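We just call them A, B, C, D and E in the order they show up, numbering each chain from 1.
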Amino acid sequence: MTEDVVISTRDLTRHFRVGGGFLGGPARVVRAVDGVTLDIRARETFALVGESGCGKTTLGRVMLRLQEPTSGTVAYRGTDLTGLDEGAMNALRKKLQIVFQDPYASLNPRMRVGEILAEPLRSHGFGSSAEIRERSAELLEMVGLRRQYLRNYPHQFSGGQRQRIGIARALANGPDFVVCDESVSALDVSIQAQVLNLLADLQDQLKLTYLFITHDLAVVRQFADRVGVMFLGQLVEVGRTEELFAAPLHPYTMLLMEAVPRPDPHQRGRDRPILTGEIPSPMNLPPGCRFHTRCPFARDICRVEDPALQERGGRTVACHFPLNG
Amino acid sequence: MAETDIILSVQGLTTEFSGDRGDVRVLDDVSFDVGRGRIVGVVGESGSGKSMTALSLMGLVPQPQGRVSARSITLDGQEISRLGPSAMRRIRGRDIAMVFQEPMTSLNPVRRVWEQVGEPLAIHHGLGRRAIRARVLEMFELVGIPEPKTRLDAYPHQLSGGLRQRAMIAMGLICEPKLLIADEPTTALDVTTQSQILRLMRDLRDRVGTSIILITHDLGIIAEMCDEVNVMYAGQLVEQGEVFALFDQPAHPYTRGLLASIPRATEPRAGRRMPSIPGMVPNLAKLPPGCRFNPRCGEVMPVCLRRDPGLTAAGTGSGPGHTARCWLHSPNGGTA
Amino acid sequence: ENMLRVSYSEDPKTADVQMTTDAYTLPLNIFDRLVESETTGPGQSALVPGLAESWEVSEDGLTYTFHLRAGVKFHDGADLTADDVVYTFDRMLNPATKALNTDILTFIAGAEERLDGAADSVSGLKALDDLTVQITLTKPYAAFLALLASPGASIYDRDFTEAAGDQFGLTPETTNGTGPFILRDYTLNDSQMLEANDDYWRGRAKLDRLLVRVVSDSETLRLLFETDELDVFDLDYAPTQTPYFYGSDQWKGQVRSGPRVGIYYYAINQLKEPFGDARVRKAFQMAIDRQTILDKNFYGKGKLEDGVMPRGLACYTPAEAIEYNPAKARELLAEAGYPDGVEINLQQVSSWSTKWSDMNQIIQAQVAEAGFKANIVTTDEAAFLAARKTGEAEAYTQVWSADFNDPDNFFYTFFSESGTKVRGYNNEDPEVFAAIEEGRGMTDPAARCKLYQDLTARIVGTDAAWVPLFSLDHSYVVQPRVKNFVVPWNGWSDMSYYKVEVE
Amino acid sequence: MLMFALRRILVSIPVLIGITLILFIMLNVVPGDPVALMMKEHASADVIERVRQQMHLDDPLLTRYLSFLWDALHGDLGKSIKLNRPVTDLILKAFPNTLMLAVSAALVSWIVGIPVGILSAVRRDSFLDRFFMGFSLLGVSMPIFWSALLLQYVFAMKLRLLPVSGFYGWQYMILPAIVLGWSSAGVIARLMRSSLLEVMRLDYIRTARAKGLRETGVITRHALKNALIPVVTIMAIQVAGLLSGAVITEAIFSIPGVGRITISAISSRDMPLLQGAVLFATVLVILGNLVADILYSVLDPRIRAQMRKEA
Amino acid sequence: MTSPSAPLPADAIEALEEASFLRDTVRAFRKNRMAMVGLAFVLLLVLGAVFAPWISPHDPYRVALDEQLLPASTTYWLGTDNFGRDVLTRILYGARISLVVGIVPSLISLMIGTMMGILSGYLGGRTDFVVMRLADMMIAFPSLLLAMVVMYTLGANLLNIFIALALVGWASVARVVRSQTLALREKEFIEAARANGTARITVMLRHIFPNVVPTLIVLFTLAIPEAIMWESSLSFLGVGVQPPEASWGLLVAKGKEYMFQAPAVAIAPGVAILLTVLAFNFIGDGLRDALDPSMKD
């Protein structure tokens, strides 16, 4: 692959066993991530969308090896992460970071902001404690907070502020690749825009690459360069944001987009297809195309054969009968 | 709108909490009407008092810390603001019902779904178990629960989020209330499920004619669902009006800011940066003097820092009943 | 109902007296012995014929011939025969039995061989005919008859006992004796119910039934007694209640008290310094204010003892009084090389009655005045017994009551060569060892008593190997309906209830 | 459910083996000789030695432990050294009494603790609440031997309502059950109260109120079952506590139970008996936990599903 | 890395609320009247225990058989015991042992339990299995018996009481800590620490541990009275603190013998136990309430 690719996964899977064990009967397997092949290019924002439980978070974690993949590989700039030992992996972690969804749960309530920011620096041997303090202050300012706040505890901040602290922590060691797992979903709209702007500015300044996980298609459209749509552990469509929104190839993408309520009362009467039925259990996948049980366009072959991800004019889609084709 | 068409009229609803650090007024003089068969939206950011409005109407504000007062609340012509607890109890669930945000936690995990859904019938109509079961089954069909028979005896954890929310709605509607209050009924759900539930609610309004107060933080939902909108900020109504008027000509700078900062899935990306409202939602215990929005307002005037503007008609060109709490629209503007 | 209800603080665990050394109530009431020691007055006893109607002792004191009473029947109806007697004693000495009381029979010729497994029978035991038993000793032993009157020498039935095997005495079904009562019910840790034996050879007991309850908590015991759930309240189990009962108008007339042929003492391990020095031991003797302890801690219900033999024991004469004199004790200590006092250890066992730890605390305080810095060491019983065997045990206080009325029971137990090892090395005087051996075989009572009196002077007076404290009375409180309640001669809690009556 | 129970029991086997092994080692490395103890004052060293050999007490530790395990597997717990009776017999006789005591104490603690907890929660911060909580704290902070004496004195001695001690019928069980149950009643009442208050804050309680349900209905129909779940957990843990308390209660009330056997077994180094008694007590505790789990599943359908899945 | 060239959008963030976790807790705690009363009592007790030799009116070991079981008087405020020792003095000295017996084993079992619980919960897998089976054993083993076995086998002294009580106590602590650790392990801040390459031991020490501390504090305040009660049970069975040392448990157990003659001898130390247990319970409740909401906000 070219220099340009920051993260590339090949056939990445992550399964969870639930239940089972000693005399516990057969264990069941949740295929949280089930064969994902994906390249994320330098300095792009790659958005991952999909319904709850489709495996977005798991994919993000496996990419950072916060969870071990069941099979497949993840490479960071050509280095296969799956083969690294603990020490080598920890050394690489300064380049691979994550910002979480929950601004409340992602900061240790018992640590001051200063300690929270100093910890990653210390883990990577940043320097003297004076240097660390200075760097922490810089980080705070970088995310738009005053350096005096180093001495405060997380619960003294609002949600938006906390999210900024979480971002500052991710930036501490000068990362290259940052996973933002629903990083703005919990915020109020007015704050959400502030944080998105901050993320955009930081990306420009620090030449970051984002994996932006969200269920909010509107945010995706305004923020991402490319989009991957996930359904039950698999990518069903990948493409440039504008192209994908302009003309979705996969029926699921289309239905997902249609489901988003539009903040314009004049559009309310519009006739739109809606996605029916419930998302199947990842423990009990239907045969054939995983989407066929909910797909308004499903035909016989969809019930039998699992469509492979195929190229289509610079985009990829996993569907026997892509739309707009 | 004719007087008789008003199912709920709220005047001067004020709710206060006494806490560790003195009293906090979480609702300040909230007044609005709900017309028969109408869906009235309440929108606002977290902590602005949306849920508290609903709970105050229902008489469910946590006691003894919370105190609710109102000049008047009439439900279908009946004054209910001064009812005692037991009289209020008879209204709850029968005349006003409520659907809560979290379908996961709002159902009792240890009791079967049909018992819970049918309970209002037992309470208010003293129906027997068989009758209740039959009625619940009907309601399940009405709210579009697939295979309703088999779901009757399910426990909540055996249902998906969407089904649970449908069951909650069935519970709300089972006594055919005059008013249904839905507090963020879809926030916890996926977009696809959300659109199903929203469509269901609108269908039900159309068929059954229930009036609905729909509480949400999502202007998209407001746009899709509501006839009228109340925008809340820091415990106050800052703007109210017909949905079209409000979206087309938002009067309050906060509403405008909100509308501007919502990312839109339908429009191509405008630029790298999005418009946003600076600052953060104020702490109710430490409100700024004057207009509560003044620290974040781009059009702040000296008067805004001193005095709270009342709700007044929202300028020219806006329809009747479009009001805003802003000096920009007050008769003598910022000069006062 | 004609039932007597009494209580003990611990379960007897068995009626088989060969298997216990501390719970004799069941054996005393269920079985008989060839000879019985009968209480003749407070602290006084006499040996009277039991299952043996009469007996002869040979001139050399080695051969005893017992003539059994005819017509005595066991509870199951079997007749008592000489063979049963032979069997009973042989069983005790049979190593397979693992009997505990074998000491009382070791004088019998061939007993040691049998115990060691070298012989299949005891040569000195013979049934001459159905009703005549002949026992031959290896050497004369003056107290042999008294020994045979001790509970351990209870007589069993051969057929029944053999069939019951090692479960003999554990349940009513596996218990069979000739005694006045029949074991009817036995619930471990709760109670035993005994019923009068209608065919008892001395005539039926006055009681129809005897209920023996196990009550370990002393306050509960008092409440039981006061709510009329018990007929006899043994103050030994609740000494702190003494002033109450003696002072109560309701109860003071119901107190039954008698002397105890038993002595409270301090055993001193001479292997442990500084107690190797007789002067230190003497100082310790003199540093204890025994009268105060007796008066205050035991409410004055007893007498000081100055010798090895407590009053009531055969051969008892008052020994030279031990003086309480802390100043002199201090001098003695200084003489022994401890002018600044000396540290000593006093041992106690956690599961023993708190009276021992009370005494230790008092003594600890008292001897401090003489310069002893006493530490109290507490261990559990198993550890204590193990330590005592190996000579590691510290000085400890205990009581010894007569098993049978003979000085040997005291001297041999504590001061013989084998006894002192078991007791924790409280004597190391070879002359005393020899004298005690000699005394066992002496047949002249007067000379024998003289020997023991001299030994007392030597052990307690000169050598200070033993700190006699006092002997206590044993007091009971009985319900008014209880008649004929007599405190046994030795002052034991274990007694025969044959003669007791209730109204 | 059966499978679940089976599974739980199988899982506790290593626990049982561990416990017996620890006991075995502890009691063997320490000074003290059961035989010497058994024979007390009168036995000579030779006799003791002989008996020791006969009882295989001089075999290596591991040999003895393994043979204990082997016999235990065959239902033979050996014979008590001190009591000379088969351990199984002894325990089977004593066990019902202890069980009875523990169960009646548990009943007392539930019958008293749960309603008191509920009332306190409902009348939160009222005089009644304070009174009840004070009373239950009293139970928690009074040594058993103290409350025993107090109750004996009042009910048996002064009022003559109940027997002082012994175990010859149900009346005899009342005082011990109260004494033993009091402290856990206190714990349960306090837990019930806080658990109910906790549950009353939950969303579905608000839902129930929104239906117009009366407060009593809210509590009995919605809050109670949920609030009982943590209480059940504590109940299970308290089984062990009850057994410990039974040791003292049995001694004071002269109840012929396992506790008293065990105490004397410890002090007389009576290994077989001690092993047996502890084995039984442990089994009881494990069973208590099992019962709690089953109760759980009765109370909470989610756990029921979990168990079905696990089994 | 360079710091940003152009300043990022400044947000108009208001001055932060002046509050800290500790201050919040202290404030909430101080509002709880019962808890403050409890605290005051315990402080008084600790002072009394520490300064017992100076403030107690009499010698706790002096045996004066002439003054046995005297009723309360101006010399002996609570009367005397069976050796004529001043009951008040004995209680003050007993407080030293009872408090130490309450605190030290609770600390030990808290320490062991916390370590085991965190290891078990955080590492999971085989460690978890082994530790939890060990804990099961300790919990399944009737605890008084376990304590007695220890006391009998190691001998009855203060140190062994500690061992016995700690052996009994750590398992339930470990369970609580483990379940908290399991919950914490799923928290995003732990994940964040891992994502930063923080060593496991550091995660456990700096992230998990401080977050279980509030629970530990509450457990501690509840473990103390429990240990005091346990000691009294052991003393009753004769395997607790040995005379002439005084612990409350021993005083009560011994005093019971004189319950009918001089009830004060047993009641006074009993009341001391009662009040202390109550006080610690109040403190524990207060702390639980004070620590809880701040965890949530």
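The rule we apply is simple: contacts are C-beta pairs under 8 Å (C-beta built on N, C-alpha and C of every residue); 3 or more make two chains touch, one makes a residue touch a chain.
Chains and their UniProt names: A = Peptide/nickel transport system ATP-binding protein; D = Peptide/nickel transport system permease protein.
Here the structure is a predicted model, which means the values were calculated and not measured.
Once the contact rule is applied, which chains count as partners of both chain A and chain D?
Where chain A and chain D share a partner, that partner set is B, E.
Quick one: how many steps at least from chain C to chain E, stepping chain to touching chain?
1
Could you tell me which chain lies farthest from chain B when each chain's centre is the average position of its Cα atoms?
C
Measuring centre to centre, with centres taken as mean CA positions, what chain is farthest from chain A?
C
Between chain A and chain C, what is the separation of their C-alpha centroids in Å?
87
Centre to centre, by mean C-alpha position, how many angstrom separate chain A and chain E?
That gives a centre separation of 46 Å.
Report the inter-centroid distance (CA atoms only) between chain A and chain B in whole Å.
Their C-alpha centroids are separated by 32 Å.
Roughly how far is chain B from chain D, centre to centre by C-alpha average, rounded to an integer in Å?
53
Where in chain B do residues touch two or more other chains at once?
278, 280, 296
If I count partner chains per residue in chain C, which residues reach a count of at least 2?
219, 351, 380, 382-383
At which residue positions does chain D touch at least two other chains?
Correct list: 30, 32, 145, 149, 251, 267.
Which residues of chain E touch chain D once you look at their complex with the stated criterion?
133-134, 136-137, 139-145, 148-150, 152-154, 172, 225, 229, 232-233, 236-237, 249, 252-253, 256, 259, 266, 270, 273-274, 276-278, 281
Please output the residues of chain D touching chain C within their complex, sorted ascending.
Those in contact with chain C are residues 30-34, 36-47, 50-51, 54, 82-85, 90, 93-94, 145, 149, 152-153, 156-157, 160, 163-167, 251-257, 260-261, 267-269.
Can you check the complex and tell me which residues of chain B touch chain A?
Chain B residues touching chain A: 45-46, 160-163, 190-196, 198-199, 217-226, 243-244, 247, 257-259, 261-270, 272-278, 280-281, 296.
Please output the residues of chain A touching chain E within their complex, sorted ascending.
61, 64, 66, 89-91, 93-94, 96-98, 100-102, 105-111, 119-120, 123-124, 138, 141-146, 149, 152-153, 155-157, 161, 166, 169-170, 172-174, 194, 197-198, 201-202, 205-206
Note which residues of chain A are touching chain B in the complex, please.
51-52, 158-161, 188-194, 196-197, 200-201, 204, 215-223, 241-242, 245, 255-268, 274-276, 278-279
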